[in-house]
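Across the two complexes that follow, chain A remains constant while its partner is chain B and subsequently chain C.
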Partner chain A sequence: MQTLFIKTPVTVEAHAAVVGKKEGEGPLRDCFDLVAEDIFFGENTFEKAESKFVSQAINLTLKKAGLKPDAIDLLFGGDLLNQCIGTSYGIRSFEIPFLGLYGACSTMAESLALASVTLSCGQISRAIAVTSSHYYSAERQYRFPIEYGGQRPPTAQWTVSGSGAVLLKNGGRGVRVTSVTIGKMLDFGITDANNMGPAMAPAFVDTLKTHLKDTHRKVSDYDLILSGDLGSFGMEMARELAKDEGIFLGENYADCGCLMFDLKRQDVHAGGSGCGCSATVFCGAILPELESGKYRRVLLISTGALMSPTAIQQGESICGIAHAVCFEGE
Partner chain B sequence: MTQEAYRNRVKAAAPKSPLGKNIVMAFLFGGGICTVGQAFLNWYLSMGLPQKSASSYTSMTMVFLGALLTALHVYDRLAKHGGAGTLVPITGFANAVASPAMEFRAEGVVLGMSAKMFIIAGPVIVCGTLASIFCGLCYFVVR
Partner chain C sequence: MQTLFIKTPVTVEAHAAVVGKKEGEGPLRDCFDLVAEDIFFGENTFEKAESKFVSQAINLTLKKAGLKPDAIDLLFGGDLLNQCIGTSYGIRSFEIPFLGLYGACSTMAESLALASVTLSCGQISRAIAVTSSHYYSAERQYRFPIEYGGQRPPTAQWTVSGSGAVLLKNGGRGVRVTSVTIGKMLDFGITDANNMGPAMAPAFVDTLKTHLKDTHRKVSDYDLILSGDLGSFGMEMARELAKDEGIFLGENYADCGCLMFDLKRQDVHAGGSGCGCSATVFCGAILPELESGKYRRVLLISTGALMSPTAIQQGESICGIAHAVCFEGE
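Then we have the complex of A and B:
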């Protein structure tokens, strides 16, 4: 069984989303708690700026909950940078017990899943799930220097700069995590790092199919099914693959990467991506709708491409992974 | 579905780069850069420099301009539209050296900037040098 049911209530106590300037100019601009004034966010390197996104997202979450860092028992988090420095330097001042994770862009669902399962064991009372990404720190690690003149193909995606944090607690009332489905790695032989949506689409469909089977539900039982960062072309492939499996993704299917930016106006090609993509869209735009009662049941499926430039240069293909977390309103 | 079948499906469905537009833009931008270079060459010649020196001065000027526009965050914006038109002329080479130099300054002058400066241009220099040796040998034999 790939799906774990969270039987003792695990609820969302507070959440926050902090984003960069470009994200703050997109369609979701009014949903975020804080928009950075520039790409450096007052720091002198992109990596430090990413860490600041993390610390600000946690600070705001704690502030909303009216808690101090010592009230948090465990923190799950990760990012795209080598050795996960975005997260670790971002949280070092908080002194919260920390488990660092790497699931590429699927890390937000991975953090939420592990936090929920751990809380449901009943030995701790509060945990935070946090992830981040930064366009410029990711570009320099995975692709070319920022000022290098190159053209991006239409399938390329734009790494979201920002961080989202969710504070979960054992018991309480409000939005609950009711089940999580841990995905398998799937490799369909895609090797183009500028076309990651289709590399992740099979993993998304597999996790969705497994989740629906394990929970005996159908697509229409959800107000919203949200993929992490498949982008416009990845979404198209996901719809096709799902159709092959007899799953029809209709109006209640959306992708965080496509929600984050105005694809025509903001020059982001196929849409947003990165660990911060599903984290900021979910924390900023979707959780409030669950809290208000507009949505009753939402399935977040963050998607990740497990690869590195080294592996690609050695001729490896790009593996996809996707984890699902089901949220239900009161 | 097999890997092969999926790859073919993705390939068939993927949105394509606008080839016609890219070719026209590359021609215009590349031609534009070369026209600027020619203008400098003519100017240097008109000031009485011999052909060989004037050519060297022109290359130096274009490399300087490429690096300057990179530093001013302009070159990458031109390249977004110009594509191969901004990549192929010597200004593209200047951009390929100046951009990592700027980027890796954050890791220090020696181990950052100096070490990473040729991360993109390095392979071009190595392969270019080898190719010129090979062509030189061919010329030597054929002659």
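Then we have the complex of A and C:
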């Protein structure tokens, strides 16, 4: 069984989303707690700016909960940068026990899943799940520095600059995590670093199918099924692949990468991506709707392309992975 | 509380260690399940050789347990390579639900800790913890390609080539995981990429101190306290720092990095390091002694230096982290 049921109440105590300027000009502009004035966010490198997104997201989350860092038992987090430095330097000053994760853009669901499972054991009180990404730090690491001015193909996605943090609590009332489904790594032979959607779509469908089977539910049992960042091409592919499995994704299916930007107006091609994409969209736009009661049950499936420039240079293909976390309102 | 107690039996069902040629010529040569004939291990790149260490360690573990990959519910793993490709390509063919971790050289304890906590929830039966490293793939990524012929200072450690895997089971008899202590990231301002021991030693002492306090135990309650890969300089520093905290590390303290190689004869300077170091030493040399009854209680504290070439170029220091896992014989 790939699905773990969270049987004791694990609830969302607070959350925050901090994003970059471009994200703050998109359709979700009013959903974020803080929008950076520019891509450097007051720092002198892109990587340090990314770490500042992380520290600000955690600071705001703690502030909303009225807590200090020493009230947090564990922090689960990761990002796209080599050695996950976005997270490690972002959390350094808090001195919270830390478990570093790497699941590419699936890391937000991975963090939430592991935090929920660990909390459900009943020995700790509070855990934070946090992830981040940054357009400039990611592009120069995975593809080309932006200053190079490379042409972006239509399938390219725009790495979201930002960080989202969720503070989960053992017990309490409010929005709960009720189950998590851990995905398998799937390799469909994609080798184009500018075409991540199709590398991740099969993993999304596999995890969705497994989650529905394990929970004996159907698509209509969810107010919203949310993929992490498949983008417009990946989303269409996901619908097709799901249909082949007898799963019909209708109006209640959306993708964080497509929600984040105005695809026509903002020149982001196939949509948003990055560990920060599902983190900021979920924390900024979706969790409040669960808290308000507009949504009763939401399935977040963050999707990751385990893409490595070194591996691609050595002729390897890009594996996809997806993890699912089910949230339910009171 | 940073320590989680594993209250239901989580036992070691099988384990394996696969190492490179140099490791197979060291003091532990007879402890390993497989020694590669050369640094390429039949592959055409160092990274692919590292992935082969991983797949072979898992294959041997499954073979010893008489199980097929589909009997494993979850795999926790990671390595030192960017995007953790040592692990991801190494595990690809098994199609086991996968949670990727990054804790630098602390990853083996992190994997074992999260696998144990997840198993203790009682919803899954079996999980594998696996990590790897490779001297040539790590050196060229973190410092210089070996072919460059750079001078290694006396403080430099030798990244272990190899992979260790542990199959943990819910229930059963034999060696058990009884508690895990999750460490905090500590930054003591080290900026020398060839001097990892001192970057990790404070984290080791902090986690050890916390573990002893949380469990109400003293050093003499353990047959062996094992640091991951502090090396000879880090080990001495750890003894000094521990003494300052009133913790006296005596004959029952050892370091995987110092156990792996003959420091005088094998020209490895301060000793072994890498995610594969504590993994292979623990799986190859220590777990059998727990199984035989020679050791009754062992504390493995894998230590990680969250070292990033990009961060160092930007003037950042190297944070250390350490996680502890307590194993007890029947």
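Rule of thumb we're sticking to: the second predicted complex is superposed on the first by the 330 of 330 C-alpha atoms of A that agree within 3 Å, B and C clash if a C-alpha of one lies under 4 Å from a C-alpha of the other, contacts with A are read in each partner's own complex, and residues count from 1 in each chain.
One rule holds for everything that comes next: a contact is a pair of C-beta atoms (placed from the backbone, for glycine too) under 8 Å apart; a residue touches a chain by one contact, two chains touch by 3 or more.
What you are looking at is a predicted structure, and each value in this text was computed from that prediction instead of being measured.
Touch criterion met: A:S120 reaches chain C, while chain B stays clear of it.
One of chain B and chain C touches more residues of chain A, and that partner is C.
With both structures placed on the common chain, the touch criterion links A:F188 to chain B but leaves chain C unconnected.
Within the superposed three-chain model, A:F248 lies out of touch with both chain B and chain C [touch as defined at top]. In the superposition on chain A, A:T45 makes contact with both chain B and chain C.
Contact with chain C, but none with chain B, is seen for A:G100 once the two complexes are overlaid on the shared chain. Using the contact criterion defined above for the overlaid structures, shared-chain residue A:E236 touches chain B, although it does not reach chain C.
Across the superposed pair, chain B and chain C both touch chain A at residues 45, 47, 187.
The part of chain B that touches chain A in the complex is made up of residues 1, 3-4, 6-7, 9-10, 13-17, 22, 70-71, 73, 75-76, 78-80, 82-83, 86-87, 92, 95-96, 98-100, 102-104, 106, 119-120.
By the touch rule above, chain A contacts chain B in their complex via residues 44-47, 140, 144-151, 153-155, 187-190, 195, 198, 202, 233, 236-237, 240-241, 244, 270.
For chain C in complex with chain A, the touching residues are 1-2, 4-5, 45, 47-48, 73-74, 78, 81-85, 88-89, 91-92, 95-104, 110, 113-114, 117-118, 120-121, 123-124, 182-187, 306-311, 314, 316, 319, 321, 323.
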